[in-house]
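The two complexes that follow have subunit A in common; it is paired with subunit B in the first and with subunit C in the second.
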Partner chain A sequence: MQLTLNVLVAASTLALMAVGFGLIFSTTRFFHFAHAVVYTGAAYLTYCGSVQLGLPLVIAVLLGVAGGVCLGGLMEVGLYRPMRGRSASALTLLIASLGTYVVLQNLVSMTWGDDVRMLQSSTVREGIEILGGRITPTSVLAIAVCVALLAVVTLVLRRTGLGRAMRAVADDAELARIRGIRADRVILATFAIGSALAAVAGILVALDVNMRPTMGMNALMLAIVAVIIGGVSSIGGIALGSLFLAAAQQVAIWQLGSQWQDAVAFAILLVFLLARPQGLFGKPLRKVAV
Partner chain B sequence: METLCCESLSKSFDGVQALEKVGVCFPTSGIAAVIGPNGAGKTTLINVLTGFLRPEAGRCLFGNREITRLAPHRIARLGIARTFQDLRLIQQVSVLDNVMLARPNQRGERLLPALLRFGVAEEETRNREEAMRTLRFVGLEEKASDPAGELSYGQQKLLTLACCLATEARVLLLDEPVAGVHPEMVEQILGLLRRLRDEGKLIVFIEHDIAAVRQVADVVIVMDNGQVIAQGPPSEVLERPEIMEAYVG
Partner chain C sequence: MEYALHILVFVGIYIILAASLDLLAGHTGLLSIAHAAFYGLGAYTSALLTVKAGAPFLLGVLGGMFVAALLSLLVSLPSLRLIDDYFVIATFAFQMILFSIFNNWNELTGGPTGIPGIPEPSVIGWEVTSHLEFVVLAGVFAILAFLVVWRLTTGPFGRALHAIREDEVLAKSIGKNALRFKITVFAISSALAASAGSLYAHYITYIDPTSFTVMESILVISMVIIGGAGSLWGPLLGAFVLVTLPETLRFIGLPSAVAANLRQIIYGSLLVVMMMVRPQGLVGRYALGR
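What follows is the complex of A and B.
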């Protein structure tokens, strides 16, 4: 039971990060590596609000999420959109994104230092017992928030014009524009939703464990593996991919030791890239320009 | 009603003159067919009129407004819709969603209304009803929930027409709407064009099928080597032996 609980906790924040990344990737077709710094930045902004400024935790969390959304939105408006306007390739956007990640991650290090920081006091608290396993209240919150947010995002994608427009821009941005869809606004909305999910994931991990300036890139790499396992075009698939990856990592920790968890994750990635690159539930991607 | 005109349009590709001082004024409504051999400049003319290509010289006017350098989506918003020879559709979504996407001014495509659902549900219902009406008009009502990519070629042609109609455009520029289509569906598409003409729309269509042109066109414009070489009623233009022989075959 403890293993199951550990898997659910690890999968929940991973799924939030992965769905956020997957949404942005499926709409824009480039690897938004700076997504990692949205995850980190939101956690540190929450730390700043709660620990350094003494704000109530709920306010600090809202500040962190809002900061993450603004950060992702600013990258799209200030960097990617002008580059797309000059017909930049997906590779050029990826390199710009990596550069942005390095600059902003260094900024976090310069501002808050490289030491591990805690959002909550380090006192060990007794977890809640569920069917013989133990789980912290923050972990329960993480699972509940993950389920709720993924349900909301699924509803938005399936039941609103925005979801339809996002699929249209992903499929053929030029045709979407001709049909009267404001593609840039749709892409900005995608960045806002994806960044909000990454921000919440970063804050939940910081609340449950701790934070350090490089936490975002570790989370992003695993999120990319989960997206490839699940398939880019399906939120349910990405969520299941996250669950599968978290399960594999937890079993690796249990059987082989924690140092093997990343090796197992990337071995699974290689298997999928070779055998089923579209993932378990995805469709083969077409090359498009946005 | 605005008139769609172009004056002295010139466009070349790598030294090949695709359009050379083309000047055409389409009627405010009715059906105008653009014919001519391959490479005559027909699709280039439509691409320039809809903002996909910028001419090297000349200008396009819609009423009193110059549209020569407007982006394609801005021209679409003025009420000029187009289809493509290669049937561009949003493959990832259903037939109904393709038509709904083309509906203008949707609040539900913005982030906050989509998240908070302010008035979006009613707008969705209204758009769905309008889209279904359009699908009924073109005869694709029963295919509404099918993925667009799974329709037959002829049905995809009908869907591109439905998408144009959903934009509420008054001017439709159709690139070979009946080419490669089953004869029964050709009749169906030509019937739809007649009905749209009767509703006051202007339909400009490029076509190689002279029988189809004879059936529906009010005006025929003949192009060759990037120039307009004849225009007028089909009964007059299509009877000229030199045109039929040299440019149509």
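What follows is the complex of A and C.
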């Protein structure tokens, strides 16, 4: 039972990160590595607001999410959009994104230091007992927020004009533009939504566990694994991919020890890339292999 | 003076790394984020052979190159059918797994504490101890690596590589066995990176996993891309600039913790700027990913 609870907690924040990344990937078709620093940045902004400035936690969280959304939006407007204008390749965008990540992560390190920080006081928190397993209230909150946000995003994608436009751009940006959809605006909206999800995920992890400047890259790598397992195109698939990955990691922790959980995750990624690069539920977005 | 020589040793080591990565990324169009893993494989194999088995330096170097070339098959055989950014992600996974092994296989690699007491090299009776002698040794290695890359990228072999980079299907249609070319190049590139790792291990006489992280891979990628991928002199220029430029920070008198962050910020922003303004690098003509 404890194992199941741990899987659910790990899968929930992972799924938020993965769905955010997946949305951006499916509309822009490149690996947005700097997504990782949105996650980190939002956590640290919340820390700055709540602990350093002494604001109420709710305000600090809102500040963190807003900061994350602005950060993601700025990257799109200031960097990716001009590059797309010069028809940069997916690989060029990936490298630029990697560079952006390196710069911003080091700025976080310089501003707040490399030490582990906590959002909540470090007194041992009582877990609640559920069916023989223990879970912290923050973890329960994380699972609830995750389910709620994923439901909202699914509704937005399926039921609103924006969602239709996003799916159209993801499907064929050129065709969408011809039909009068303002692709750049839609992509910006995608970055905003995706970044908001990453920001919430980062803040939840910071609330529940702790934060460090490199937390984002680790989370993003796992999210990429989840996206590739689940298949880029569907939110349900990505959520299931996250569950599968979290389960595999928890079993690895239980059987092999926590130091091998990353190795197991990336081994799974390699297996999927080689055997089924389009994921369990997805169809290939574009050519992935020769 | 000693300080200048110390920097020159690193220029030599990074020239090997950048030139060998360029063989793969620039000339064959396969951007790998696993270069630090092969660099580390060379360092660890060489260190273990000389420390635990008492082997001479050159045997350690050859052993490292052999292990790296062998393990490169593990990446290249399955993942070479993936293109562009999917290949990047596959190498990323390999890098993470290998780092995890360096960091966690305590019995073999010493885990996070690393391997101390690596002997200084002696090449057929020549004891390399002073900085000057090390510059000579690193210089010889760098020139050899440069010659290998030069030989492979000019003439019929190089033309075949360029053909594969530009259009793999077309290269196949004129009877080039693209997969065999790619596997060969990947093995040679990894072996060269491993030789740089041996040099590093025997120069510093102590290794630990932190020298072989993803960040190290990104640094080498930056050298290749900023200098100019696919050109003969580009990676050399990139290696020289990126090793010496951050050293000037030292003279401004910044505390070392800040200097380390600032150094990475410089790499990162140079990457972003190059991707936006000159994706083909300072002296190159070829932009990655077309």
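Rule of thumb we're sticking to: the second predicted complex is superposed on the first by the 286 of 290 C-alpha atoms of A that agree within 3 Å, B and C clash if a C-alpha of one lies under 4 Å from a C-alpha of the other, contacts with A are read in each partner's own complex, and residues count from 1 in each chain.
The rule is short, and it goes like this: a residue touches a chain if its C-beta (ideal position, glycine included) is under 8 Å from a C-beta of that chain, and two chains touch if they have at least 3 such contacts.
Quantities reported herein were computed from a predicted structural model and do not represent experimental measurements.
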Side-by-side fit of subunit B and subunit C on subunit A, or clash: fit
Partner chain(s) touched by A:Ala168 [first = subunit B, second = subunit C, both, neither]: first
Partner chain(s) touched by A:Leu79 [first = subunit B, second = subunit C, both, neither]: second
Touching partner for A:Gln259 - first (subunit B), second (subunit C), both, neither: second
Touching partner for A:Phe30 - first (subunit B), second (subunit C), both, neither: second
Superposition-derived comparison: subunit B or subunit C, residues of subunit A touched: C
First, second, both or neither for A:Leu91, with subunit B first and subunit C second: second
Subunit B versus subunit C as contact partner of A:Thr160, first or second or both or neither: first
Shortest span in Å between Cα atoms of subunit B and of subunit C, once chain A is used as the common reference: 21
Intersection of the subunit A residues that touch subunit B with those that touch subunit C: none
Subunit B partner contacts - residues on subunit A that touch it in the complex: 152, 156, 159-165, 167-168, 170-172, 174-182, 185-186, 188-189, 192-193, 233, 283, 286
Contact footprint of subunit C on subunit A as seen in their complex: 30-31, 79, 82-83, 88-96, 98-103, 106-107, 109-110, 217, 221, 224-225, 228, 259-260, 262-263, 266-267, 269-270, 273-274, 277, 287-290
Complex contact set, residues of subunit C against subunit A: 31, 78-86, 88-90, 92-94, 96-97, 100-101, 103-104, 168-169, 178, 214-215, 218, 221-222, 225, 258, 261-262, 264-265, 267-272, 275-276, 279, 287-290
Complex interface listing, subunit B residues touching subunit A: 71-73, 76-77, 82, 88-93, 97, 100-102, 104, 106-111, 114-115, 117, 120, 123-124, 127, 163, 167
